[in-house]
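What follows is subunit A paired twice: with subunit B in the first complex and subunit C in the second.
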Partner chain A sequence: MSPQSLTGIKTDDTISKDLSTVLVLGGDACSVQLVERLCEEGLSIIYLGDMGPNATRVKQMGKIQLIPDGFLKWITGVIGAFNVSIQTRNGVQGLKAGFVVVAQPPTILPKFENYGVKPANNVLSLSPFFDDLQREERHSKRKADWRHIAFFVGLDGAADTGTFSKVFDCIDILIAQEQVQCYVFTRHLKVAENGLEARYRRIREAGTLVFVFEHDCPVVEQTIESVKIVFSDSQLSSEFELTPDVLVIDEKLRPPTNVDAVRALIPSSLSSKPYLTVASPRYPGVSTAKVGVFAVGAARGEFYRPKIADDVNSVVGSIKKIVALQEAKGRGVVAVVEPATCTLCLTCVRVCPHAAIEFGVSARVDSDACLGCGICAAECPMQSIALGQRKTASENSYVIDQHGLQVAAHDDRKIVAFLCEHSAANAFCELSSCLKAMVNPIVVPCAGAVGEVDIIQTLLNGAQGTIVAGCFRGNCASVYGTNRAAHRVSLVQEALVDAGLTADRLVFVPSASNASHSLALAIEQLLEMSGCQHSRETSSTSLS
Partner chain B sequence: MAGLTCAHELADRGYGSVLIDKAPFLGGHAVKLVCKATSVCQNCGACLVAEAIRETQKLNLINKILSARIERLLKDGSYFEALVVQEPLRILPDQCNACGQCFRVCPVPGAICLSPLICTPYIIRDVCSRHLGNACSACADVCPRSAVQLSASESELLVKSQAVVIATGFTPFNPAQKPRLGYGRITGVLTALELEELLRNEQFDWTPNGHPITRVAFIQCVGSRDSHLGRNYCSQVCCAYALRMARLLRAKQPGLDITVFYMDIQNFERDFEARLREAENEVNLCRAIPSEARPGIEGRVELLYHNNLGSNVWDSFDLVVLSIGMSPPDSIPALDFVVRNADGFFEVAEDDSVFVVGASGGPKSITESIRQAAAAAERVAFHLERVG
Partner chain C sequence: MRRKNINELDSSFKWRVAKQPGGQGITRCFSCKACTAACPICSLDPRYDPRKIIRMVLLGMKDDVLTSGLLWLCSTCYGCREVCPQDVRFTDVMFAIKNIAAQDECVPAGLVGQKSILKKHGRLYEVGDFENQKRQKVGLPSVKESADDYDVLLQ
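Moving on, here comes the complex of A and B:
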């Protein structure tokens, strides 16, 4: 990995950071609340999107630049220094921002085609129907001739709690008009939210009929004047016909589609398309793989209103934490580039899952955006990148942290294990002490930080076996670090076979913090292979 | 998990916190769950609990008081003063290095147990011979780090704080309330939580009664969405855990025949439909809730259910797993300003310095608890900023 010559590297950190401006790509119902909270924290806001009637009130709250008719053309840069280009009616506008929050409303796709019907006066999509109902309620003017209203919700198998909540809202308004009978046709009732099952029970008690279909979905016969639903009830084994006054069709809710500019900013987010946040339990909230970019609500795949409201607090909290960290210069271990040997091949730019690397005359890792996973250092063909820690808060000088990758040549422990600090290192702690004693553990920030050279070095130094232990695929904090690690292990294994050696002394072990079993098994197998006497009985967890 | 997340988030902002847990270890029910990864992560989040607990050991802004209960909580201006009472027989987790000597030397089986993570031991008071009046102090004598504390009486502590976060989690539904499902009566019927613990400790018996397990049934909504029991809510996690567990079992035993009996399958992940289709390839999904269980031949369990052809059938399984729901947490007598919502879970009546996080406020998965607690931590921090 990194040669000793990098020790005490100095970088040219000339980029000026501004952590006081937040670009909000708004439009979602919670984005006004978000702007209000950010203003309270003294941040200035660039708000792209229409704020409607709230605009005049919000404008008075702080330093807010409203761009209601703008379109985000492109965005580049890193936290504290995002360059934003916005197309407006008056031309292109260039702006700078410290943070980016994507808070756009979901893309609503009507499902007429899925059910083989056409939109008509009596066949409506859910959102317009709901908006209409609300408006009418406000003006207390009712559709007096409505008697029967049918809802198709997720009959194609796809629906979410947000849609059901909206259907129940409609029915609540409709059953206030006593003569209206509502029917709900669905496949799975989605009630996995607080209070939603109780609401479902209430609308049923109020007389709404709910039909659940497993396979034989209702058939709709649509003419110009009327719409007829033909369905069979498996329990009563008979056919029914219903001619409702209105058939309301549910909609598919998808993430906002106009976020390609933001996605281009975080190349690794392509793997979780159409969402902006990583599909991993390590990213349960608003944070994306790129520091300083947040996805709220629909952009992260959440469509249920009450939960989106939480996102406002999550964004504000995350921004405050980052600002506090930056002030303390306390980012910890980050990747550092030696400009003298960098050939600008841009491998690092390409592999960084957190999009923390920019380039000028040489590649430059942004110390605020870098999470120190070390994937770039392992991939750099010139070995110009190392992981290091800033010497002092004021100077841009780094102490190179080898993360123990320099393997001692004559360690009497037979097995070398590279352990991801997120998962495998924790699992290793749970192993029995006698098993631990047989292993030389090397804790790495991500399994992806272990290069082919590091692996071969362990074998050259006389290790009886080498383990690279990372997270399970889909659990990696650096999105695909563990995939790269597994790939590198297979490359070295191939090379060993090509060289006429056996590859079975090198293994990749996916592991989790709360499951040490797979790691224990791998160590035992390697010990057995090296002819080491080690009884199975003593190898299970320490006390049992 | 929610409490741990909240404490961490507050520590990140420089606020100290005191974690008071009635259990002798942190992590609640979540720490007992098994990693569901097959060859890929199944997004259950159980590993994050282990990580959060290990992280807590490094942070000195978080103080832990385990095996404790709150006896009294008073509010004086912007300060709370809690009287915390701690168990007399304790092994101090900060001193313990999990060497296991106390565990081995203890003369009473079951008096010293091991916590699910890091295997730190703790004493079960009601079993301990010292509590029963004997003068035994074997564990304390053998401990090389003086971590065993055998006091004569409970110890009292005063804790002052400016905010109270309630993260008491949920109570697992007791399936004995649905006697027809045979729990406790028929061997081979267990709760999902029991199966989790067995798998986690690698104590699961794949060949009970001499023959290997080939057919497994999961029964969903046991204690959820059940108006007869007054539970008009969905526990929100069971569909996910049953399907993940089913896939984990299949990964361990590829030929396993698994049937999941359900009412409606709830969304538990974004791109849920794709997840469900994947699961459908491995698991039989059967829309019916069995009404009765009876012992079958060779230790099997027979279930009576209404099949999709409209007739009642008895079907035989080697193992029946009850996907038990989340019940509201037990009352905390000292916290009289917390009320219960329509489903029986906690909510705060009128106090801007009291916060409810995690499953104590309504059923939540691990990742949902983390997400919600992180958002709540910001509200707590906001409150602390204002009171100064």
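Moving on, here comes the complex of A and C:
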């Protein structure tokens, strides 16, 4: 079987890129907002999902292809050349897109079971109640007697600002009606969000009673026609019972579940399940590990609706930045494959956290999708991948960058430190000058780019000690680069012990830009060790 | 304490308090307990707790608030008003609640008696011939009782 038939991807290096089409996986008002903003930027849109009543208005805004009843079967490719297959009623449709934005609404799971109640006429979950209210508001129904509406929000210990904002939406409508008393029962008041605190204050001043329970939660006694809440008010420390006209139960907001096709596109997103984005401070907001794929709102764990406008702006900004970068002919440092020695073992395809490597007759790194972390270069068993610096802006050729290993070769009195440019390199700058003088720093794009061979080479060159300093677990810009570095260091340590040498001159140090102490401590320990164990050090260097 | 049924309480009571002059701040309370800490009465009699009184009003426990007698313990020192971060103005709220208590005739008998003395004599202590003779002895002018102003005020 030829490689081509395995993937169906073009194998030559000159695939045409189109950065003007955006595939939006949508379904609610937030994604419509996104489409409007993208249209303003002159991008053409493929919108998969039901737009509802907005469809006719949005259609006139620009080049928009609406697929209201489609289902995303699979998606492959890299930025600028995503191949999309959509199942519609009329059969399978193949499309091409430059970017992918996942903006699907959250999955809503009512919490009836968590509170031990059954849905009934007077026990509703939040979304249907809100929809009813909005309908009711138009022909405002009034009753002679006081109505008591109770809300359970996060009494099981889990609530988010999105739920509270929806509850406040309901209460805003209710307090405009006459003779309605609202009660909010909660365990944690999660209102620390821009604008939400003010709304909380407003509903309270409008007479809503809020009961916060720390330990003993209210007990619900449900019969066929009524539901009774028995609880103790912590402030008056006395027992109350309430028979509300309606008991509204909150809902769990979970990320959309139908994004498996996109998840398959970014294998490293499996580690950050359930969200598509990387749970790392180096990926603020909407970017996923794969360049050109973005997640907005629920798909990235943002359920507070007013904030989704920020997400939308962030996506538009990121797309503009990528387009500008493309016009300036790409990134500085990317991985380059030597096709002559590539044996198509696909190690690089498996390890790339950014899913930037495709394969045909040899592995091929997409220079737009590659973030230059160098993990593939360190993992390649044939040494046929290296990080390359683009020679000139116009040419598509690269100078292989050895990340300063030659420098290490000629300085045998020092400690060699491989420093991740995202964290450890900054931490190193904070060190005292006398410590810095003892270290030969080598800045690498990611700790995962340091291969076993590089580490052993420094020891062979007679370094007093070798430090591989990456980010803390979960902080890595290349998702699991730092985990790989730590693993690799432990492998080399084992190999050293097997060879009858000591492994304590090689250490892996997790660090952060603002945490230079761990790096300083490691350097001091190595210096101390080489001072006391001078004889052993000379023997091991003579061995090498 | 017996379990209270909120449905039987008076949800509109807090709005009645809020409509009285000075009572507007009642719904602003977020139960920080600063008033309780500042209250000199509360340190003497823990049953009188401004925060709890506000909570009872908000819950609509009208009868408990008006008939418990705690209402009349307030010394109007304005300590609670000084410390309140939410500008509830609890002393003014107390006046509002007391006004409602007067409207609903929930005032303790002693206070009703005081009112009638005030209305009759213009002061809380009756000044009769005996007192005026004593005043004369130390060279003070005699006092003539007149309740005209209070009549107007207490209408």
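In the analysis below, the second predicted complex is superposed on the first by the 497 of 544 C-alpha atoms of A that agree within 3 Å, B and C clash if a C-alpha of one lies under 4 Å from a C-alpha of the other, contacts with A are read in each partner's own complex, and residues count from 1 in each chain.
As a working rule, contacts are C-beta pairs under 8 Å (C-beta built on N, C-alpha and C of every residue); 3 or more make two chains touch, one makes a residue touch a chain.
Because the structure is predicted, anything quoted here is derived from the model rather than measured.
Name the contact category of A:Asp131: first (subunit B only), second (subunit C only), both, or neither.
In the superposed model, A:Asp131 contacts neither subunit B nor subunit C.
Looking at the overlay, what does A:Asp216 touch: subunit B (first), subunit C (second), both, or neither?
Neither partner.
Just subunit B (first), just subunit C (second), both, or neither: which does A:Phe240 touch?
Second partner only, subunit C.
In the superposed arrangement, does A:Asp18 touch subunit B (first), subunit C (second), both or neither?
A:Asp18: touches no partner chain.
Touching A:Asp504 in the superposition: subunit B (first), subunit C (second), both, neither?
The answer is neither, since A:Asp504 touches no partner chain.
Is A:Gly474 touching anything from subunit B or subunit C once the two structures are fitted on A? First, second, both or neither.
It touches subunit B, and subunit C stays clear.
Given the touch rule stated above, what does A:Arg204 touch, subunit B (first), subunit C (second), both, or neither?
A:Arg204: touches subunit C, not subunit B.
Show which residues of subunit A both subunit B and subunit C reach, each in its own complex.
Dual-contact residues (subunit A): 235.
Could you pull out which subunit A residues touch subunit C in their complex?
For this pair, the touching residues of subunit A are 146, 148, 179, 181, 183, 204-207, 209, 230, 233, 235-236, 238-243.
Spell out the residues on subunit C that touch subunit A in their complex, using ranges where they run on.
1-7, 11-12, 14-15, 27-28, 30-31, 51-52, 55-56, 58-59
Can you name the residues of subunit B that touch subunit A in the complex?
Residues of subunit B touching subunit A: 9, 12-14, 31, 33-35, 37, 39-51, 54, 98, 100, 103-104, 114, 117-119, 121, 200-202, 225, 227, 232-234, 236, 239, 263-268, 270-273, 276, 287, 308, 310, 341-343, 345, 361-363, 366-368, 370-372, 374-379, 381.
Within their complex, state which residues of subunit A touch subunit B.
Checking each residue of subunit A against subunit B gives 157-158, 160-161, 188-198, 201, 212, 214, 234-235, 237, 275, 279-282, 284-285, 300-302, 310-314, 316-317, 320-321, 324, 422-423, 426, 429-430, 471-475, 510, 512-515, 517, 540-544.
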